[in-house]
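Think of it as A, B, C and D in the order they're written, each chain with its own count starting at 1.
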Amino acid sequence: MPDTPAALELRDVAKSFGPVRALRSGSLRVEAGSIHALVGENGAGKSTLVKIVAGLYRRDAGDYLLAGEQVDFRNTADAKQAGVAVIYQEPTLFPDLSVTENIFMGRQPTNRWGRIDRAAMRTEVVELFARLGVPIEPDRPTEGLSIADQQLIEIAKALSLDAKVLIMDEPTAALSGNEVDRLMTVARTLRDQGCAVVFISHRFDEVFALCDTITVMRDGAYISTDPISEVTEDEIVQRLVGREVSDLYPKLEATVGKPMLEVKGLTSTGLFHDISLTVREGEIVGLAGLVGAGRSEVAQAIFGVDSYDSGEVTLDGRPIPPGDPRRAIEMGLAFVPEDRRQHGLVLDAPISRNITLPTSGRLARNGLISTGIENRSAADWAARLEVKAATLDALAGTLSGGNQQKVVLAKWLSTQPKVLIIDEPTRGIDVGTKSEVHRLLSTLAQEGLAILMISSELPEVLGMADRVIVLSEGHQTAELSREEATPEAVMRAATAHHSTTLNVSEAS
Amino acid sequence: GGSGSGDEGEGGGDTSSITFIPKNLGNPYFDASDKGGKNAAKEIGTKWAQVGPTESTPDSQVSFINTATQQRAGALVVSANDPTAIGDALEEARNAGTKVVTMDSDTEPQFRDVFVSQADAAGIAKSQVDLIAEQIGGKGEVAVLSAAANATNQNEWIKLMEEELAANHPDIKLVQTVYGDDDDQKSFDKTAGLLQSHPNLKGIISPTTVGIAAAARYLSDSQYKGKVALTGLGTPNQMREYIKDGTVKSFALWDPEQLGYLSAYAADALASGDIEGKEGDKFEAGDLGEYTVGADGVVVLGEPTVFDESNIDDFDF
Amino acid sequence: MTTTLDAPAPAAPQPRHRAANRLTWLLKQRETGIAVAFVALLVVTTAVNPNFLFSTDGWRDLTLTPAILVCLAIGQAMVIVTRNVDLSVGSTLGLTAYLAGRLFLDTGLPVIVVVLIAVAAGAVLGLINGVLVAFAKVPALVITLGTLYIYRGIMLEWAGSDRINASDIPPGLLDFGTGSFLFIPNLAWISFALLAAAIYLMRSTRVGREFYAIGSDPAAATLYGLRDKRRVLQAFATSGALAGLAGILYVSRYGTISSGVGQGIELEAVGAAVVGGVAIFGGSGTVLGAALGAYLLTTINRALPVLGIPDFWQQAVVGALIIGAIVLDRYFARRQHDKLLAEREES
Amino acid sequence: MSLLAEKTPARTYAAHAKPWWQRTLMTRDAAIIALLVVVWTYASIVILNFSDPITVYFLVLDVTPILLIALPMTLIIITGEIDLSVASVVGLSSVLFGVLHREGVPMVAAMVLALLACAVAGAFNGVLVTRFGLPSLAVTIGTMALFRGIAVGALGTTAITDWPDAWGDLVQARIGDSQIPLMTVPLVALIVIFAVVLHFTPFGRGIFAAGLSKDAARFSGVNVDRTKLILFTLSGLVSGLAGIYFTLRYGSARGDNATGLELQVVAAVLLGGVSIFGGRGAIPGVIAGVVLIGTIGSALRLDGLSANIIQIITGVLLIAAVIAASVLGWTGRIVGTYRRQHSSDEPSSKQSPQRKRSE
């Protein structure tokens, strides 16, 4: 490189987790005094790259330079020491400790005797919060804070480090418009002071408003870097996806039948209010909203893994008892959760056991079940979904994300459900498998299954759903037909404050 | 620990080995009796071993009795942690040809051949009641600090003490019995508890060596020193300083070393077939001379010795 | 922060706890609850029998008897705060007490040297636990259960049927163990000093705060780059050293060392911490609470006979207390959780 | 493509990655069984009197209580919980049985009543753990003291010792002329029942799933709370059974029966290859673990060694066993089979084994 060294530079960095190649060749070059956008689809490897920069993961290959110097961090403390501040995608706070302590943990100001200077810490936090316009009490524990508040604390934490490089991994995902504006102001100020800022976001309006350079990643690899003024949104999307967007959503015509899932006035204090919806045979209903809108909570309450305060749920006319997932499954409800690794799969159990877990009672003969019985059933369903695995006793955790999702689908389809709730069907799945999943959902709907699909990806919702229900802050703000559901209408409903519930016709 | 038994004799027994199983290891009283047993075994010329549990519970003792059975030991000398709980194990041992002597703390008579008693129970109870009566002037509240709540000998003595008090010392009231489980700390803390719960307490009887030593230590630097009398069964070495500093006036004990010595001789006499453990059987016990088996297969060592300032320096155990 | 932003000037920090605030804060503390229970127990027992408090020995035993358990409970609380547990403290206490006894018996080293050796030995035993837990990544429960057996076995094997009597211990140490200074027993002073130091460590130093952080969320601790292995080692070593010190306290208090020294006391120490509000899965609770828990448990043991409850029931009461404490804790945590949710609802 | 209606087998899968002998022999269970065989053989050759058939007799009688309690304990630990109150339940059972017998209740009725009470005690643990969401470690440390206290308090100084001989003899009877205790028959029956329940029923599948991932199990329709409640109740019941055994074998009902047994049981279970994190373990390994500790104790005692060495060996074996698992796991991770939750690369709190506040 001929000119002055970049503040942060990565060259062909790779990282694998067992069989999963999260990052094949990640490259990034960020100049001091600039705001650099890093974009890519879910699972493109952005967060993995960030974690390597942060010293949390150690790269398998490639170069990592800070201000032209090769570095190799053993842990995140080393990286912080070197002036790298990171806001992670998921807030990571200590629930038992106060907001102030969370911001200063590991680098509290101390006096000569090693005594922590609480007053100094608090003063600085008050100052930081004032600058960010955050109304959080510095002495309260972080337990019970909303995701947005937690994200703001993460931002304050990163700011309080006198960082030369600041990386923000989707910091705005849970923030309101006001908070986003304030964050942007802060980012610009830091840039003007010579800081190298990396900004990761799926929202192109923010990216184009804030950043000066943009790097695109796809499938764990570097694709391109351009000054933001020289590219258009369409070009970026094309590079992101790697093909024409319209290929993605093979919606098949299905005949819509009688109502299968009916939810009336479902309410859970603090999470969601008065949710009512109906899903009919052969219909895909999309549930849209911003992250944290409470969609997953609604789904979990319907399925019975969470409790709710009031409301009722019926399946094919019969009420589903609250808090009893087993009964719900017997009645014909299936639920593919959002968090595959924690809720969807027993990662350390074989594929076969995962697939047969909800049906083990049905499969048992004289009350007894054996690996043989399980394997026969599992092999059948794995084959129908074309799960790519060599053996059935491979642990589910060793599969790639897409195949894990297929195992989850196999597991639920083997229960022969009448209604399928599917939360973020394609999160963290590569593009190829993604369209397979979409085709599968369409096929299932065509066969008469009623599907409630929760998705944060607008194109997915718009491409797949017959009807779209939008949630904002736990309130139902719109119900749009396929024709009414334009990106603008959905976004407006998703960001609406619930007191100003949208009029559907006005929105369309 | 000790050494294992030697070669296996014909008919499944090594008639010339004696195994001592005390209530628990690490107890100075049994260290002394084991010493006596070992000396006797040396004189007789038989093998001797001592094994036992670390806690004084019957179930842990059973494993060691079973092991002795497997080893076909000639004779077992056991101080029972429970009168019945180890009975079946002892029966099993006897069926395998092992002779069983209980020492210090008996089982029910059907489970053993001979019980070597340190002194007859009534005598022990009476001597302690007399000692405490003398020290507190024949009047007032006393309490008992015992070992485990299930210890056979302790409970029998306590019962006899109550009878003795009722019969001959109507002005002395036994207000409470507490259990220190032959655990030093527990006995110490129980003493503290006793003194607090009974402000008018005049005396404590602790018929167990661990208990009396712990109680003496508590009293020696408390406000009660010299005000609350203490007596019971203790070893001179443990109690010497408390006699000297005036915490304790007098206490009693037989010589545990002699007890072990006598038990080993009784065991050997049984194992070699000299006696069967019937009333009237006679056997030689080395330096101690001839002993006769009494009713129920009991052999009595003799009267306990009373230790006080005048004679305590004459003993070393 | 050296950068200055063109943002609103920082609001001056408001005076936080005014008198009234401070009072409600105090009332909300878990420690207050235990202290109140402790005082209530004292009042009731003393009403039944004034000797319980108003006699030289009653007063002395009040602070003297819990000293050893307080020592262990402080160490245990530190370990539990890091989301671990140390079941080996009873055996460590036994082993170090015997070690000290042997040193007195065999070497004639000055008392202070023996004390230091015993504490160091305890620290080493604790460090072994820590190394196994931190590096082998095996749960502390299993490791310390194993070392509970090993340390006890080593002590028993070493001691054989020897036991150490008061006459083998330097009289100076024994006098110290039962003596007082300013009407408060020496051992109680030691436990107070330790407690003060531990409170300072846990509240006001990075080490202490990182103990809490690691226990609160181990994964976040990694993200923060905290040296979690080192902290776990430190917590276990401290717990071991305190157990070593407790061994010395035991020697000076009781004078005799038999094979069962400290057996079962590990569960009392865990119980004291739990009663004192230390969450068993780490992250919250204080050493003060654990120490108060130790006071409460020990004093209940002494108070029951005075109250006319046969001492056979002591354990049942202790058990009920532990259960009550954790149920209550959960209840308050739930209420707090619901309150926070409701607050969010309003805002 | 029709998914729900008819079969379209597009692919086939091998059932297993490794041949059966590797799957059977290269396991913790097999290792511990092999160790048992080695120790047994060695002791038979080297230690005098060990090869005597009566060794088996005493060994079985000695390990019976631990073996009994180890069965439900295995299931509980596999769900990721623990029950430290078992030994106290043994004491409770013994005392209740004794008191009822003393009051003239017929033997069988007294037994049934005592067992019922113990099941209730176990259910009490279970309710505190599942309904109140309390950590089982803390709960059962509390009930350990509580149950023991009730047992000791109810009987006070006395031990109840007047038991009909017939019952004691029954417990210690041999099968025919052999040195095999009659107790072996119900014991083996129970072992088989527990092994079948754990390894061959949907309930057992739920136990493993709950231990590996409580959330994933719940999201798959496993009633994790109910499963745990049943297991804690079962643990109380079986511990009660062990208490009856204790009482009859020693002909003595005492409150302090089996003190400290809980740690021995936990040690044996963990030695038998059950992971304290939950989700892993098998009955054969546990049986081998229990018998191994019993055998080593028996051999050492026969060799004239004291109980102390037995403690040291138990502790070393326990630690060695778990460290071996973690070392093996570490090598295993390189081939990508290691549990994600121990991996240092993944600090995701979502997978930390003891996730608190999971409500």
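As a convention for this text, contacts are C-beta pairs under 8 Å (C-beta built on N, C-alpha and C of every residue); 3 or more make two chains touch, one makes a residue touch a chain.
Here is each chain with its UniProt name: A = Rhamnose transport system ATP-binding protein; C = Autoinducer 2 import system permease protein LsrC; D = Autoinducer 2 import system permease protein LsrD.
Since the structure is predicted, the reported quantities are computational estimates derived from the model, not experimental observations.
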Between B-C and C-D, more contacting C-beta pairs sit at C-D
Indicate the whole-number Å distance between the mean C-alpha point of chain A and the mean C-alpha point of chain D. 41
Whole-Å gap between the CA centroids of chain A and chain B: 74
Where the centres are mean C-alpha positions, what is the separation of chain C from chain D, in Å? 31
On chain D, where are the residues touching two or more other chains? 156, 260, 306-308, 347-349
Among the residues of chain C, which ones contact at least 2 other chains? 156, 160, 217, 219-220, 222-223, 279, 283, 312
Counting only residues that touch at least 2 other chains, which ones in chain B make the list? 1, 25, 54-55, 149, 179
Pairwise touch list, complete, is A-C, A-D, B-C, B-D, C-D
Taking the touch rule as given, give the residues of chain C at its contact with chain A in the complex, in rising order. 1-3, 5-13, 16, 200, 204-206, 209-210, 212-213, 215-217, 219-227, 279, 283-284, 336-337, 340-342, 344-345
Chain D residues within the chain A interface of the complex: 1-5, 7-17, 196, 200-202, 205-206, 208-209, 212-213, 215-223, 279, 333, 336-337, 339-341, 345-351, 357
Chain C residues touching chain B - in the complex, by the definition given at the top: 49, 51-52, 55-58, 61, 65, 156, 159-163, 165-167, 175, 178, 250, 254-256, 258-261, 263, 301-302, 305-306, 311-312
Hey, which residues of chain B end up touching chain C in the complex? 1, 24-28, 30-31, 34, 54-55, 149, 176, 178-179, 183-185, 188-190, 192-197, 199, 210, 213-214, 217, 221-224, 237-238, 240-241
Residue positions on chain D within touch of chain B in the complex are 48-50, 52, 54-55, 58, 62, 156-159, 161, 168, 172, 246, 249-252, 254, 256-260, 297-298, 301-308
